[in-house]
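The structure under discussion is supplied below as structure tokens; questions concerning it will follow.
As written, the chains take the letters A, B and C, and residue 1 is the first residue of each chain.
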Amino acid sequence: MADQLIVVDDLVVRYGTATALDGVSLTVGAGELVTLIGPNGAGKSTLVNTLSGIVAPAAGTITVRGRLAHVPEGREVFPDLTVDDNLRLGGWRNGRRGRDTSRIYEILPGLVRVRKQRAGLLSGGQQQMVAVGRALMARPDVLMIDELSLGLAPIVVTELVAHLRELNAEHGLAVLLIEQNARLALGLCSRAYVLEAGRVVLEGPADEVAASPRVAAAYLGGGVSAP
Amino acid sequence: MTDLVAYVLTGLGIGAGFALVGSGIVMIYRVTRVVNFAQGAFAVLAAMTASTLLAANLPHGVAEILAVAVAAGTGLLVGAVAIGKPGTTPGASLIITLGLGVFAYAVEVLVWGDQPRSFPGVPGAIDIGDSRVPAHYLLIIGVTVPVFVALAVFFARTDLGKALSACASNRYAARVVGISVTRMGLLSFAFGGALGGLAGVLVTPVQQVTFDTDVTLIVNGFAAAILGGLTRPAVTLAGGLLLGVGQTMIAGYIGGAYQTEVTLLLMLSVMIVQAARRSTLQEESA
Amino acid sequence: MRRAALIGGVAVVTLVIPLILPAGQLATYVLLGLAAIVTVGLSLLMGYAGQVSLGQASLYAIGGYTAGLMSVHGLPSLLGLLAAPVVAAAIAALVGVSLLRLRGHYLAFATLALQLILLSVLSQGDWAGGAIGLQGIPRLSVAGVELADDLSYAYLTWAALALTLLVSYNVIHSRAGRGLRALATSETAAAASGVPVGRYRLAVFALSAAFAGLAGGVYAFFVGYLAPGSFPVLLSIEYVVMAVVGGLGTISGPVVGATAIVLLVRALTEFGTQPGMPSYAPSVLSYAVYALLLVLAMLFLPRGLVPAAREAARELAERRGRKAPT
């Protein structure tokens, strides 16, 4: 499957004696919008950290074709550095010549106004934009976003989602969205996985997953279909 | 009045030495969260090396630069041992730097013996009114200021400097972005070594250095770093200079046998006041 | 039961050793025992209360000078010996009230600073004999009997160490001890569970000071004179090395650590004083060894010899158990 950007096969990750991921498999294809939903502690962030290379797996394989950029949970900007420096450092892996930030300001014009401000002083929504912009500096084929909406006002989230849709439509950027807000995730993405206690319990097209009684009951407030 | 000017100049000279030692500590702490108890050893090693090279007829300037390079290399070695092994906690690294500092002391005695050493600095003196200020103090100031300016530019304008600041600002995010935090830590240790070495090389002509390490230099260097909360280089610089001037003024006007003790007590008070303001939670997550 | 037998065995052996040692080596026995006493306190502080002290030798010095000064001024020597731990603990408690607000590296540095200040005060105070020191401390007398020879000091040290270990054991296994262990892992969690964090830290600090003070008192009577030069910062670092190498948070660890280090340094001193070696060789070699041991221990045996030995013994027993027919 030449257009599969991420292939995770039977991944097992342990922290000491606790098993965080117990044989997880998923794929993300070029240009796809895929989401991974599930409750707190299900292992979503572990999966993201493993894909990002920060955590080492105990078993299973990960195949990544193309570039993968990681937008961490909680934004994790560099608070003492300016927005511009935050973005520049996003291009660290590109080497000395790959640190031009002008492209990002075209995609996310909301950052132009605050480019010289220290990132620690920005609002949550602005920080999330910085984190996304920083990830985009690496010219990724897949953007991995951990908890996009956490702690953000709905109107801010709507704007971010619009940016993601635009990036996907116009630049073919694939997105792996890890989310607690299932309604939001299932509305944006075309395919979904449900992770519970380290295992994938359900997967398929987003609308089917949304319609399943289990998901509707646990994550969507019972029987209400996604917008 | 002219006395005052002389004291201030001399004090700034000594204070610059303190500030250099202190900024080495701050640089290392910011990036690695490790307090480098071996910082003094860099100063002594560089001073001893410089004296040997000068005695071997290497020209002034070359000898000192080589000595600072040796100190930087030593810093790198200390860093490699202290943080190179994955899984070493900052507390363990602190104790390791302490051990390495003692080891360096042993090496110094082995190589250079236990007699105090010095070497000549800039000759001559400047007359200010009826006080004389040895010209060497002006050299110390004259070298330290550009060094600090260069450091500020390095951190604010170069990508490498920004990457170092990034590690200090948010370690996790630095790793996400692909910065090798370990490599940055080693770099900060090398820098710390160079700064400490520079302090040793600059200060020795006016204050003899022995294998005992120059206690004044190190204690005040630490005090300057602590004034800056171990993280603020600008405050460390100001603090170092202030400590230097304070010491010369006390020595000049009151008579100085207790300078080191006063500095220590001052430092203790600052630490306790700072701690009272901070909460336990913050400390544990650091 | 096996542990009681082991302890009994060790007790008997260590009681017999002074009788068979050649006279010149008794001093080593005494100094080793005294170092172990200080290290027991330090190990408690570092292992259970989770605090690093780089100035434990200052408490050793305070104990020594207390006992020495009292005796030199005519007070009964036994009183001096008893006062030593009390005064050391009191000073530690007094200083600790402000100092223990500091954490981690700040506390480490503060204890170092305090030792430097103490040394300076002692060097410049005529009441303490200044840099030359306090001379002519009389021998210790207990109930009219004077302890005149090294052998009696050896047994005095043994008794003091046994007492220290006993107190340590009781503290660790008390309810307070559990609270202490909680402190070492996480202060916030401990505080949330109702452990009076501030008071416990202070108590452990004072207790470790008492141990060091007691050792210092014995030292004063044994050696007969005290000088600031006998209590350098390097001595505090030696204690840290002994505590770390032996194993923090164990009872036997400090004793094992102190024994290992003192014997090793002795051997090196012998080597260093051979003809042809420069005069500073002994001290240089010992510094190099302390440093190397500390670094190696922190890197490869962070929990110390005793826990590592216990692990190895456990694994051996497990392997043997698996091979045995069920």
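We adopt the following convention: a residue touches a chain if its C-beta (ideal position, glycine included) is under 8 Å from a C-beta of that chain, and two chains touch if they have at least 3 such contacts.
The shown structure was predicted, so the numbers you read here are calculated from the model rather than taken from an experiment.
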Task: Most centrally placed chain, judged by C-alpha centres - done: B
Task: Chain whose average C-alpha position is farthest from chain B's own - done: A
Task: Computed distance of Cα centres, chain B from chain A, in Å - done: 44
TODO: Take the average of all CA coordinates in chain B, do the same for chain C, and state the distance between these two points in whole angstrom.
DONE: 32
TODO: Report, in whole Å, the distance between the mean C-alpha point of chain A and the mean C-alpha point of chain C.
DONE: 55
Task: Multi-chain contact residues (two or more partners), chain B - done: none
- [ ] Would you tell me which residues of chain B are touching chain C in their complex?
- [x] 35, 81, 85, 88, 90-92, 94-96, 98-103, 105-107, 109-110, 113-114, 215, 219, 222, 226, 257-258, 260-261, 264-265, 267-268, 271-272, 275-276, 280-281, 283-284
TODO: Name, in rising order, each residue of chain A that touches chain B in their complex.
DONE: 52, 54, 70, 72, 76-81, 85, 88-90, 92-93, 96, 99, 134, 138
Task: Interfacial residue positions of chain C with respect to chain B in the complex - done: 52, 54, 98-99, 101-106, 108-110, 113-114, 116-117, 120-121, 124, 186-188, 191, 234, 237, 240-241, 244, 278, 280, 283-285, 287-288, 290-295, 298-299, 302
Open item on the list: Looking at the complex, which residues from chain B come into contact with chain A?
Closed with: 159, 162-163, 165-166, 168-170, 172-179
